[in-house]
Amino acid sequence: MRTHAEITPLADAVADLVRDGDTVALEGFTHLIPVAAGQELIRQRKRDLTLVRMTPDIVYDQLIGAGCARKLIFSWGGNPGVGSLHRFRAAVQAGELEIEEHSHAGMANRYVASASGLPFAVMRGYNGTSLPEHTSTIKSITCPFTGEQLTAVPALDLDVGIIHAQRADRDGNVQLWGQTGVQKETVLGAKRSIVTVEEIVDELDDKPYSVVLPRWVVTRVCEVPGGAKPSYAQGYYDRDNVAYKAWDEISRDKAQFDAWLEAL
Amino acid sequence: MRTHAEITPLADAVADLVRDGDTVALEGFTHLIPVAAGQELIRQRKRDLTLVRMTPDIVYDQLIGAGCARKLIFSWGGNPGVGSLHRFRAAVQAGELEIEEHSHAGMANRYVASASGLPFAVMRGYNGTSLPEHTSTIKSITCPFTGEQLTAVPALDLDVGIIHAQRADRDGNVQLWGQTGVQKETVLGAKRSIVTVEEIVDELDDKPYSVVLPRWVVTRVCEVPGGAKPSYAQGYYDRDNVAYKAWDEISRDKAQFDAWLEAL
Amino acid sequence: MAGGAVTAYEADEMMTVEAARRLRDTTACFVGIGLPSTGANLARRTHNPDLVLVYEAGAIGAKPPSLPLSIGDGMLGETADTIASVPEIFNYWVQPGRIEIGFLGAAQLDRYANINTTVVGDYANPKVRLPGAGGAPEIAASCGEVVIIVRQSPRAFVEQVDFITSVGHGDGAGARERLGLRGKGPTKVITDLGILEPDPETRELTLTHLHPGVTAEQAREATGWDLKLADDLQTTEPPTEEELKALRELLAA
Amino acid sequence: MAGGAVTAYEADEMMTVEAARRLRDTTACFVGIGLPSTGANLARRTHNPDLVLVYEAGAIGAKPPSLPLSIGDGMLGETADTIASVPEIFNYWVQPGRIEIGFLGAAQLDRYANINTTVVGDYANPKVRLPGAGGAPEIAASCGEVVIIVRQSPRAFVEQVDFITSVGHGDGAGARERLGLRGKGPTKVITDLGILEPDPETRELTLTHLHPGVTAEQAREATGWDLKLADDLQTTEPPTEEELKALRELLAA
């Protein structure tokens, strides 16, 4: 067992831990989206990935447009506050991307099951919706005490979990705070993990609504200031709403997207 | 729906919310044990209660000795660091107290199921132990995806959840911090709740590992300084280890216990 | 309205103001982004300062100083009474029915208030791929009741949705009970033209209010099914000066 | 031991020192209160300063300045790397096998290292009612391996436990696999007399080490079953000066 997270450059972490064909989750719910890590996957031309994310936003539009993904497991794919993800939309409409579609509650519970070492989670959900007709990972389950019918969703089988955090200490203890979504579950539910951080500090101190991932459950920590841009990192920088709007233009036009990709 | 927790004296809260025959949980894992509230249940001569608590310690020894309990649902009944709970032990050995016995993991998951509005929770546990032979609320369940056998435990059906917290504001927003056990689940999983607090303040501020229960999910808040003694309240007072040891003497001898009860 | 000058206002403003009014007596509201968020934030500034806004990214009791552009904006967490993880939001807060009203939008809506935000056309060969479910299915299932805020058009108000992302009243009376859904489901659909409510018997959406200046014919033309009108079809109170002022300040902030 | 003065020490000290040594290469240890906690805290002060101590009340990476009297003492949370809720401790940390070693005590122990902390005698008509399971069943099931620290006596080391609170090796070889338990189970039982380890074939506890000055006969007399001795029965290294000093400081703090 490892005792400390290894601190390395992001390029090394991605090269060492992410293999073609892996199931990879990049999480961050509006806040702390690991955009730099996603772009490193593109630069290293990772292929055939099963990409997992509750809210595939522009970083997944980029990964999908760049041809990294074979399959997407998700619950809401859009450019928040702007509109569509055009590369994602084009890939789905062209039948080029396999999708496995859930609700947020379903995805959140799939992460919880993974972090808990359970094969599935139980919830109330999906009843009466069209999702179970198209998503095989939704099944019904009966309460052994009351006989009530509920819904089961399977654990996500994550090879690599990638998140961005505000900071880590030199032993690799990671700290993030504010709205922290499913990031804890993403790291705890994956076989290997990469955490990019705004900065590495000598000592962590208390922060409101802070999540600490201890050094021994994180594989790699990489110092990447601004690694969540254009999303935000509370205490470091705000969301760049202009960049989210600008992405709409780039993503809408295949030629413009290719030029963006070329320049990456 | 209520919008604010009502702030009242503890005696009123117990009189208004706890009925004979109710299922009542008083939680707090070593830290913030609602001892004053338990003693108020004794003073008001509540009867036939189903008492729920992961670690029945001296407050439950008192309630059991005072004849308030018909049944106990629990996972570890001892005087931590001292030894036995003699009133509890005597009641069980005399067959005067019905018990429903789980492990900590099972109890924790039962609270989680209650807080989640689910009839049961799934876990790995109890396999090979003698507990399922004596506890009917442990059943096996099959994963609908993998076929794996796991264990199901039912939600706790709590009428009243009682906890102690460090403080609340005047709207009844409750804040506790430090090691907070299953207290959030105890309040969220119960139909009615009582929170005793060290103090009522104008405004809550950030505290490390803080749990905030918003005003609209708490029924009553009662200002009871020292309400967790002889357990501790981080930031207010330490655990009174001498009192825990002294309880052993009182509880061991029925006459001494009766004198204690008389004086309460 | 009675006497005095009537301030000019847009149809979207009428819709948002009316949405805010629905939260007058509400403790907690689960807020989707866009029009629902505007309506809920307006309510907190006007009729119900104690209204608890819950956002799916984790903020409970958010008090944003301006309209958030995303459901996880920093201002939501920073002003919240507390922050929960996303699993906790759905498992401890939405699922047990702890939240009185869910405020949702829709891309397509049918006569039983079933919502589609997933796909137009065939699922495997979509004409238009929409963002998908997000938090809506469980909000629609488990919140005490649901209010839908959506602009009315024949493209949006369809006879049958191509995909049921979130269940309204299913195929009509008794459907929610048969499906085991514990919330009441959509009790109001507030549009730029008026208000639709499920018929107490059939659960079919029926026009109960027209906004001032809108005709029943306009509402029927903007609806892809044969829209029924309530016997006592009423006219919505127009926005008050105070409501409009608060809304415009909110949108400008 | 080889040459030099041998410091005098108690049997309990030998036991605790030996327990601490078992944590030399361990990342994280789940700590029960009492002797297990003393051993784990001694390890952090001697052989393994990076050892992560996890306590069931929520402290992960606790660094208590003195021995805690309860598993939820304030000093545990205040010095921890992080604090988890009790459900999280069991669901996210214990259940997935994230914790390498579980350190447990026992009231009764049988030849397959099954643990009883529930009841002596009949469950419905107990001779002695003990505290019960606590966190032990899932620690015993799911931690990478389990080390049991318990004083050896015929009353504690019984042919068959009256109640299986926590499974060791069930009824012998293959039992854990059949039960679907994912950790290795008890790999060592450290007593005041020596060390017992499960036989690699049968999983029956076998005496592999005697502490200095203890005879095999003493160990057999303190065991309620016909205790087998390992072919290469060894003598435990006595506590070093440093170990004893650290332990005594810890107990005095």
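We just call them A, B, C and D in the order they show up, numbering each chain from 1.
Methods note: contacts are C-beta pairs under 8 Å (C-beta built on N, C-alpha and C of every residue); 3 or more make two chains touch, one makes a residue touch a chain.
Note that this is a predicted model, so its numbers are computed, not measured.
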When the contacting C-beta pairs are counted for A-D and for B-D, which pair yields the higher total? B-D
Measure off the straight-line distance from the CA centroid of chain A to the CA centroid of chain D, and report it in whole Å. 40
If you average the CA atoms of chain B and of chain D, how many Å lie between those two points? 29
Whole-Å gap separating chain A and chain B, where each centre is the average of the chain's CA atoms: 38
Taking the mean of the CA coordinates per chain, how far is chain C from chain D in Å? 58
Residue ranges of chain A touching at least 2 other chains are 117-118, 123-124, 148, 184-185
If a residue has to touch 2 or more other chains to count, which residues of chain D qualify? 82, 91, 95, 142
What's the complete list of touching chain pairs for this entry? A-B, A-C, A-D, B-C, B-D
Touching residues on chain A, where the partner in the complex is chain B: 117-124, 137, 139-141, 143-146, 148, 150, 152, 154, 206, 208, 210
Chain D-touching residues of chain B, taken from the complex the two chains share: 29-31, 54-55, 74-78, 80-81, 84, 88-89, 92-93, 95, 101-105, 108-109, 111-112, 123-131, 133-134, 148-149, 178-182, 184-185, 209, 232, 234, 238-239, 241
Give the list of chain D residues in touch with chain A in this complex. 26-28, 50, 52, 60-61, 81-82, 91-92, 95-98, 100, 142, 144
Touching residues (chain side chain C, partner chain A) in the complex: 33, 56-59, 69-74, 76-78, 82-83, 85-87, 89-91, 94-95, 118, 123-129, 131-138, 141-142, 163-167, 170, 175-176, 179-182
Please output the residues of chain A touching chain D within their complex, sorted ascending. 1-4, 115-118, 173, 184-185, 188, 211-217
